[in-house]
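There are two complexes below, and they share chain A, which is joined by chain B in the first and by chain C in the second.
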Partner chain A sequence: MILRKISRRLKDMQTTIIMVVALCFVLSTPLLIAMGLGYKSMALFREVPILNLIFNSVWEPASGNFGFLAYIISSVLITLLAILIAGPVCLFTAIYLTQYARRAVMRFMQPVIDILAGIPSVVYGVWGILVIVPLVSERLAPYFNVQSTGYTLITGAVVLSVMIIPFILNILLEIFRTLPIELSEATLSLGATKWEVIKHVLMRKAKPGIISAFGLGISRAFGETMAVLMVAGNVAKMPHGIFDPVYPLPALIANNYGEMMSIPLYDSALMVAALFLFLSVITFNAVSRIAIYRLEKKL
Partner chain B sequence: MATRKFRKQEETFFIYLMRLACLSIVVVMGLILYSILKKGIPALNWKILTTVPEGGFYFGGEGGILNAILGSLYLAFGATLIALVLSIPSALFLNVHLRKYTRLTNIIRLIIDVLWGIPSVVYGAFAFSVMIWVGMRTSLLAGMITVALFITPIMLRSMDESLKSVSNLLYEAALSLGSTRSEISVRIFLKQCIPGMITAILLSFGRAIGDAAAVLFTAGFTDNVPTSLTQPAATLPLSIFFQLSSPLPEVRERAYAAALALTVIILIISVSGRLISYKFTRNDTK
Partner chain C sequence: MTLNNTIVNEKIQIRDLNLHIGQQHILKDINCRIPEKKITVILGSSGCGKTTLLKSLNRLTDLYPQVKINGSVELNGQNIYNGIKDINDLRRKMGLLSQRPAPLPMNIFNNVAYGLRISGRTSKKFLRYRVEHYLKQANLWEEVKDRLSAPASSLSIGQQQRLCLARGLAVDPEIILADEPTSALDPISSQTIENRFLELKNYYTIILVTHALRQAKRIADYIIFMYLGEIIEQGEASEFFLHPKHDLTKAYLRGSFN
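Let's look at the complex of A and B:
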């Protein structure tokens, strides 16, 4: 009897230790990544001051010139454009599905969102090349009297916006569902229309959540690699309009792995790009998530 | 004050706008599936699914994408398995042992949520620099580990969501009968949440098979089917990416076929995940 009790205790301890180790490992990955990337980046940081890297747009690895400005601007522009397209669509759809639509509509939309969320980014890239690239080069650009190959800032932004729609939409749906129903009932009883309730009460209440959802969408778009790599054109120059090709940071990393070993400091420069990407995404994510947790009263 | 008529009109206008937004999402999904099907179906045949590319994946027009299909499946299975080993204990610990420490668990959840957002290309770059450091070459194993790191937060969080729903009554009843916490974890929580677990596994498997940026530098690419963990492996996303840029139309056909194959695999996974969670949704006592 006592022996059995001891063996159960031992087993309990054993299992608990395994669990703690697994959890600690998972939680330590961001630290490991930051340390690994930081260590690799040091080689370049020692040669060139950080500000020179960020505010220089000349990228000539062979002569030791590593200016990230064109890449950073590309990333920022493509992300902002994508969120500008995706944001309103997501917001309107989320309000419609939670406030107006019948249950059947929601039941129809859920698989649609699931499918969009599941499609791999390469397939989005293929779709971009098949549909959006010709659309931009043959219809949109001629309409504005611009010559364009179709592999441009706007192409990348459109593909990216479609990719982040399911992601933002799911968070927004969650947020609108957690809003207390008494809030809208009280305003409805004062004679407001449903839209007025949404505009004046729900939107105000959900504002931090909406902003955070967009923040998460931004960080998702900022790190998205393959689809953007396939349709954005990848020319490392400052873009002057939406019909110019761009070269975002993730595409830079993905495109140059093969050749980086032969040029000194090149691998370090790519790690700087990865570190920059990592830090900005983590920051954006953390701020947005904390705001959402606050809103849902979890913190 | 706006007149009553104007207020009504404003609402109607916005309802139409919202319907339009909703509709546009459906249309875009239809467009994506349509264009993949339209290009993929003519390119797809039995031979392309069952042979490896001949004369190089980039310049050889003959052969198929078997290397990529099998490579992707191996990689995704391996990665899911590794992620499973990490996720199940962590998720159980979070929901059983730390059940009373809401603040701590929420902070851990927050960290995992933030981890979820790290782009896969960063995982790829990190793993690649570690591989150089330890002298490892591109291989199936390296790819599996990288992808496993990338999907673990996803799997962990969705398991966690399903474990969270186990009722407190059950937990307390088991405790009062003298069970240790580990016994409660495995015999009660795990058993209660098997459908949720399967959904979580399918979700992460789908992520693993569809991701390209993490395997780009870690799994490599090859024309052959890998026979051991130390060999490089081709994957479907990369085979699409590389072959689509080929100058030969026959090779591009293979990319379209691969895109269709990948989409079909993803759709099957996503539909079966839904079916499982639908079928097993029960009305638990709360």
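Let's look at the complex of A and C:
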């Protein structure tokens, strides 16, 4: 009897310890990444002031010029464009599927969305090269009287938007599904039309969720590497329009790490790029969390 | 089934109403009249179809795609399931008070003003006057007059329910549909709502769904007693409580309902 009691208590302790260890592992990963990146970046930071890295667009590693501006602008622009395309598409799709569509449509769409989310990044890249690149170079660019190879900012943004759509859409669907039906009933009872219910009440109630969905989409888009690298052109110059090639930060790292390491400070520069990415994603998260917190207080 | 002949002005007449959700038969051959400017209580235990009956009166049942309805519901002599032009207008005639208050995600003032705004009444002076008027009618004005721009969710649940009442009254309905409006409230808030109903019945037709026998005794003029989707007995409240006819009614009144 007593033995059994002790063994049960030991088991209890044992499982607790396992859980705490697992938690520590999860917690320590971002910390270790940040420390590693910071440590490796120091070499470059010691040589060049950080503001000179950020606000300089000349990238000539061989002569010691490490200006990240073109990369940063590329990343920001391609992410913004992608979310501008994906955001409204996801919002309207989510509203239609949860408020208008029959259940059968929803049941059909759910696996489609999951498949879209599961397609490997490189496949999206190939699809971009086969479909979007010729579309841009042969149709879209000539329409605006521009000469273009098709490997451009807009190509990357379109491919990227398709990639983040399933992620944003899944979150939005969950949010709209969990809105209480009493809210719709109450608003309809005041004489509102269906669209008025959606626009004035449901969208407003769902706003914190919509922001967090878009925030997650932005984080994902910002760090997406493979597909973007395949279609965005990878030219380290400031883009002047949507038909110019861009070179986002993740592509810079993926294309060059392991090569040209003989150039002094080059590996440190790539770590700085990774650090920028890391910090940006953290900042996005923080900003959208603050926005959500503020909004929830107002509702 | 006894249809009381003393009802002179009937507001709503329900004829042979049957409602299915998928394969389930939720409402069975509902026939009843609802008198104008009286409190009609739909009484029954949980799951007997009271709420569904209430929602079928302003066609909120349209929100549920699996629902199938046969029969007719006549409001002022016009069947709402056949040839009604403006469903929003129909719903606006019936203020809804649900079990748990569902304040709109806006501030207190806008909650009451919303229904007026969407019907095109946007003059600020008019809105301010009406909001104050209806918040007073719902007995809430004194508590919120200094914080009209605070979010409605910051109110207590009893206050929220009174806000929902003010919001419903503000669009000038003819009927108030109340679905167990006091079940989530503390006794004092419940009493406030009940007392309001007793005053409001001079101007509105009130239909109240409840399972609380004592509440029905306190405020009902007319009772519709339901069990498993059927109307078992209906009539004047005094008659219903003093001389129940059906065995199920007698059992329910005794409190020995299984």
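Keep this in mind: the second predicted complex is superposed on the first by the 284 of 299 C-alpha atoms of A that agree within 3 Å, B and C clash if a C-alpha of one lies under 4 Å from a C-alpha of the other, contacts with A are read in each partner's own complex, and residues count from 1 in each chain.
Convention: a residue touches a chain if its C-beta (ideal position, glycine included) is under 8 Å from a C-beta of that chain, and two chains touch if they have at least 3 such contacts.
This is a predicted model, so every value here is computed, not measured.
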item	value
Partner chain(s) touched by A:Glu224 [first = chain B, second = chain C, both, neither]	first
First, second, both or neither for A:Arg204, with chain B first and chain C second	second
Chain B or chain C, by number of chain A residues touched	B
First (chain B), second (chain C), both or neither touched by A:Ala186	second
First (chain B), second (chain C), both or neither touched by A:Glu196	both
Chain B versus chain C as contact partner of A:Leu37, first or second or both or neither	first
First, second, both or neither for A:Arg102, with chain B first and chain C second	second
Touching both chain C and chain B, counted on chain A across the two superposed complexes	193, 196, 298-299
Contact footprint of chain C on chain A as seen in their complex	102-103, 180-193, 196, 200-201, 204-205, 297-299
Contact footprint of chain A on chain B as seen in their complex	7-8, 10-11, 14-15, 17-22, 24-26, 28-29, 31-33, 35-36, 39, 85-87, 89-90, 92-94, 97, 103, 106-115, 117-126, 128-130, 149, 152-153, 156, 180-183, 185-186, 206, 209-213, 216-217, 237-238, 240-241, 244, 255-256, 259, 262-263, 266-267, 269-271, 274
Footprint of chain B on chain A - complex, ascending	8-9, 11-12, 14-16, 18-23, 25-27, 29-30, 32-33, 36-37, 40, 88-90, 92-93, 95-97, 100-101, 105, 109, 111-116, 118-127, 129-131, 162, 165, 169, 193-196, 216, 219-220, 222-226, 229-230, 250, 253-254, 257, 267, 270-271, 274, 277-278, 281-282, 284-286, 289-290, 293, 298-299
Residues of chain C touching chain A in the complex	55, 58, 60, 63, 65, 88-89, 91-92, 94-96, 98-100, 102, 104-106, 114-115, 118-119, 151, 153, 164, 167-168, 171, 177
